[in-house]
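Take a look at the structure below.
When the chains are written out, they are named A, B, C, D, E and F in that same order, and each has its own residue count from 1.
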Amino acid sequence: MNIDQLLLQSLQLLGLGMGSVFIILCLLIIIIQVIAKLVPEVESPTASAPLPTSAPANTQHIAAIQSAIHQYRRNRQTKS
Amino acid sequence: MEQGLLDLWASTGIANFTLGQVIMIIIGGGLIYLAIAKGFEPLLLIPIGFGGVLANIPVADIAGPEGLLGILYHSGIESGVFPLLIFMGVGAMTDFGPLLARPSLMILGAAAQFGIFFTLFGAIAMNLIPGMEFTMADAAAIAIIGGADGPTAIYVASRLAPDLLGAIAVAAYSYMALVPIIQPPIMKLLTTEEERKTKMTQLRHVSKLEKIIFPLALLLVTLLLLPSAAPLVGMLCFGNLLKESGVVDRLSNTAQNELINIVTIFLGLAVGSKLAADKFLSVETIGILLLGMVAFSIGTAAGLLMGKLMYRLSGGTVNPLIGAAGVSAVPMAARVANKIGLQANPQNFLLMHAMGPNVAGVIGSAVAAGVLLAIVG
Amino acid sequence: MEQGLLDLWASTGIANFTLGQVIMIIIGGGLIYLAIAKGFEPLLLIPIGFGGVLANIPVADIAGPEGLLGILYHSGIESGVFPLLIFMGVGAMTDFGPLLARPSLMILGAAAQFGIFFTLFGAIAMNLIPGMEFTMADAAAIAIIGGADGPTAIYVASRLAPDLLGAIAVAAYSYMALVPIIQPPIMKLLTTEEERKTKMTQLRHVSKLEKIIFPLALLLVTLLLLPSAAPLVGMLCFGNLLKESGVVDRLSNTAQNELINIVTIFLGLAVGSKLAADKFLSVETIGILLLGMVAFSIGTAAGLLMGKLMYRLSGGTVNPLIGAAGVSAVPMAARVANKIGLQANPQNFLLMHAMGPNVAGVIGSAVAAGVLLAIVG
Amino acid sequence: MNIDQLLLQSLQLLGLGMGSVFIILCLLIIIIQVIAKLVPEVESPTASAPLPTSAPANTQHIAAIQSAIHQYRRNRQTKS
Amino acid sequence: MEQGLLDLWASTGIANFTLGQVIMIIIGGGLIYLAIAKGFEPLLLIPIGFGGVLANIPVADIAGPEGLLGILYHSGIESGVFPLLIFMGVGAMTDFGPLLARPSLMILGAAAQFGIFFTLFGAIAMNLIPGMEFTMADAAAIAIIGGADGPTAIYVASRLAPDLLGAIAVAAYSYMALVPIIQPPIMKLLTTEEERKTKMTQLRHVSKLEKIIFPLALLLVTLLLLPSAAPLVGMLCFGNLLKESGVVDRLSNTAQNELINIVTIFLGLAVGSKLAADKFLSVETIGILLLGMVAFSIGTAAGLLMGKLMYRLSGGTVNPLIGAAGVSAVPMAARVANKIGLQANPQNFLLMHAMGPNVAGVIGSAVAAGVLLAIVG
Amino acid sequence: MNIDQLLLQSLQLLGLGMGSVFIILCLLIIIIQVIAKLVPEVESPTASAPLPTSAPANTQHIAAIQSAIHQYRRNRQTKS
């Protein structure tokens, strides 16, 4: 490929590349705005905490188990 | 005994050094000096510089296929694993909140990618200079320096032009460290005092749910339109989802601490393995350093000019300085915008406003990388 | 220019999607939703779901042999390394104290493995349905879902039926997350109010030395009788010994924190690579989901029935509810037993008593895995 | 292999598998009970801490070294 | 059914054990016992001992090329990666301050390497005993035990005599653990009460800048004179530079905590894979154990004698006890010197003074390793 | 190679090895002493902190950003 072709191709890439970047980022802008409009309807101030309650299941379990272990050990110590 | 002494002498470095290796060891030492004494991106430039020194030790062949650096390069960079894991960690550390609060500023992060594509053209044009010979793949790998994002640059270079990887990575991190020196003159040249004084209104509150949905939406757009950017963008989104989901904090913490630290050490050393004298000491490296500087400057200028346009269109509510943060170089570029803004108006805190374009620049250059990989790769 | 545009269009996801990929991406998104919104084993199902999305992006081939997920799968799951490291971490996190305090309850953890072997028979029987075709290896890999233990299921599936690995892992973790929904009706059906009210006497004190000897004794029994279970049981014992020895806390802490976190991220993504449409979207997957549910239910029932037997034989000092914890699903199943026990009698704390059968279930299913690997593998 | 043979084989596996699981876990029960009987003789309430004293050698060393370093630095500061 | 039972029986350990495997499992258990009950280098000997047990389980082939230990050995030790990463972590944990404060004491760390080279001669001489057959490479790998440095010994053995690696690593770590027993009699034999009472003057202050320059200077000397030592010395210097530079604390902390812990677990298990009966249970192993003890003792003696020389030359201001710390075995040997010094004079704190020769011994044995690799390798 | 040759070679290695170790470590002693002489001229008591000021750039940035985020959040809370 000679230098003229390369230069032409790189100019094309400039156009295609900047076009792609703008199209994708503009699309994201629109999507973010749509999400922002939809989300507040779903999310009331108090409803913003539904995830924490159901989510950290594992740590809750662990906490529950640990407290049970502690209780069990305390009982043992009181006894012995 | 004489034979033993001769063998031992024949195995010394002194008896085996080439001039190129000596120069490269000095360059490696220079990078370490800049990293420690001048604070140039030390997290990367200390490992890269040290790796460069190790790679140029004669006899030991540490950067060879059976040496430590060679093994790290082969398994982590040739495969693409290390930059993708770094990107996951970056995702887990990034707060897209400022971007979501005012998404229109994302356009600044798009404009700044002009530096990449202009440099691609410039690299091809450099072939007119005798001695320079850049293929389209080389040019694309060099151009990505303009993305001002280390892992993206390393990922693209490892795919398109592994021989140039050392110079490209060094240029990318060096210029990211130099952002406080490169950007201010351009910012002052292209903006008026009036523009720089512009204060911006406070950002709106962004809900947790929006932050959870965003990485998924970003991934969706990428996989629909530009799947070649999906590895990079996907790992960024994955890391960010780990963080924002709020239910896997132990994974998120590991991704943004131990895991990214381990991979950073390995990545730096492995990049250093590409500072071997025969690859690095060439006229092409000078071209790469020049083009990298051009890429940064043009990217900054493009971001600023788009900032000026938004200043006009928005009736003077957007400070054009934050356009310069669109090149990424997170969070350095946002800090520079903040600093120049404060010089013009001591009440003018632009940092949070600049973070939006700043992280948009990360997305923008990952998208640009996808385009280059799709068409050139 | 037109050619460039056409090339770019040809590289978009939209132009390349197959229906199967679209469905799998929706399924991956569904797993992420369940993990975040419903708390379904998020540590595994977020990485698996996200990996499933990435694996089904057209063009990018992220799950291919040179893509990130493919590399992780090849080096970590095909080799067996990841599930074994997870098992080491599980060992370092497990307290066998409750088991050692009342070892006879271990029999409950044995009984619950009936779910595995019954399901093996069921899977073979499903071959009578037209369209289903399970080999003995497939059937064994599916049956291990009844072990209610993620790494065991992944390890066995990777050895016996890699093509079914995605569906098996998803089924295993989903049903583990569903334990609070699946088990209570069975528990109430098979036990009387009187039995559920049974209070259990406090556990005896277990000395440090017993805890150190136990993993070594467990390893000894395994290597004498069932060496094919030695990789799984061995790493469980190794992790537990790191913890209980008390002299290598820094290794124990790393095994149960950073190392298991890193491996969990990689394992999840790698399992996700097996959610490729052509493997996952088949009538076999429906069979796997059905059989997995059967395995869980039968395992729970077998544990409960053995619990009822022990209730009789012990003169009413063993609450049969803890038999349900024998399926493993640590610590979820023990918590469910505790909860149902509290409903019958608000003074009835079964958690510590259920932990014994619960960890016995882990050992039991590793032993079952060894039998399957020895005879079928 | 036809379906009948497969069914028969899977039934055999059911027997062998459950047999193995019960044998191994029952053996473990016995071993645990034996250990529990043997250990208390070895271990008195105070003897339960013999490991910690000899064991964390490395951290002890490090602590010793660190305290020495501190002492040395304090001395230096007082002097200069 | 009978066939199934027979298959199952044929797959048990009992039916497959060789006597050698039984002995090796007992030896592995013995190492674990010594590590836990006697505090013998538990960070290494628990993983090595456990790995040794796993490697000798029949049927499972865990140390084979497709087993976990075999994979770890191949990817981490055969490649040299694990010992080099450990050395990086050691570098990040080492304070060269005491060495820099009184560099002349480094000569003690040089003298103590006599144990290595004397043992090399001794190993070759052992060929005179019927049944012993050590090549020069074997002898060099065995001799490095005298360096009293685990990763150096493993690195050299993996390069020169992989078949002897298990015995060499076990000997090296065992004797390091035995330093408080091996060294005191030699110290008391070779020094007078008067000499042991010698108090040493306080060390001068060492500036931050000296500490930063030192690893670079050490690397420079190594690459000029002995590049074959560059991988080991280089990673030691890299780790130390991460620490002393003060600008990459997150990398330094990771190198000396999570990363070294992870690699220690893997390295120990992988070394254990070389405790396979057919390699370990040979007359050579007895030779290795004997020679290792000789190496330690001669190294200690050489350090002490050089210490006595310095005591004379310095006019009685150098306590010869610190010469024994020149073997490395950081920080155990320095502690022993301190303890023996305190016995002679309760006001005599030698710890900081012994740390200089102690870390010099690490450098010294890495240099010795480089010589062996250059001439024998 | 017969045993005599091996013994001779290992004696040679003894000489070469100890020679190399002493040469390299003695060279290091000299270098350390030279560095120690040069450094104090460069480094005055106050100048000993030049690195910290320029160095932890990243943490400084992060700190700056965090404080800005906090400020922004405080403002938001005051408003709402």
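Here are some notes:
As a working rule, contacts are C-beta pairs under 8 Å (C-beta built on N, C-alpha and C of every residue); 3 or more make two chains touch, one makes a residue touch a chain.
Quick caveat, the model's predicted, so the values are computed rather than measured.
Counted as hops between touching chains, the shortest connection from subunit C to subunit F is 2.
Touching subunit A and subunit E together: B, C. Common neighbours of subunit A and subunit F under the contact rule above are B. The greater number of contacting C-beta pairs, out of the two interfaces C-D and A-C, is seen for C-D. Across the assembly, the mean Cα position most removed from that of subunit E is the one of A. Chain centres computed from CA atoms place C at the largest separation from subunit F.
Between the CA-based centres of subunit B and subunit F the separation comes to 26 Å, rounded to the whole angstrom. Distance from the subunit A centre to the subunit D centre is 38 Å, each centre being the mean of its Cα atoms.
Touching two or more other chains at once are residues 4, 8, 36, 39, 42-43, 225-226, 245-247, 258, 371, 375 of subunit B. Among all residues of subunit A, those that touch two or more other chains are 9, 13, 16, 20, 51, 55-56. The complete set of chain-chain contacts reads A-B, A-C, B-C, B-E, B-F, C-D, C-E, D-E, E-F.
Interface of subunit C with subunit D (complex): residues 99-100, 103-104, 106-107, 109-110, 113-114, 116-118, 120-121, 123-125, 127-128, 136, 139-140, 207-210, 213-214, 217-218, 221-222, 225-226, 245-247, 249, 360, 363-364, 367-368, 370-372, 375-376. Remark: subunit C residues 79-81, 84, 88, 212, 216, 219, 223-228, 230-231, 234-235, 238, 241-242, 245-248, 250-251, 253-255, 258-259, 371, 374-375 touch subunit E in the complex. For subunit D in complex with subunit C, the residues that touch the partner chain are 3, 6-7, 9-11, 13-14, 16-18, 20-29, 31-33, 35-36, 39-40, 42-43, 48, 51-52, 55-57.
Per the touch definition, subunit E reaches subunit D in the complex via residues 1, 4-5, 8, 36-39, 41-43, 95, 202-203, 205, 331-332, 334-335, 349, 351-352, 355.
Against subunit E, in their complex, subunit D makes its touches with residues 9, 12-13, 15-16, 20, 50-51, 54-58, 61-62, 64-65, 68-69, 71-72, 75-76, 79-80.
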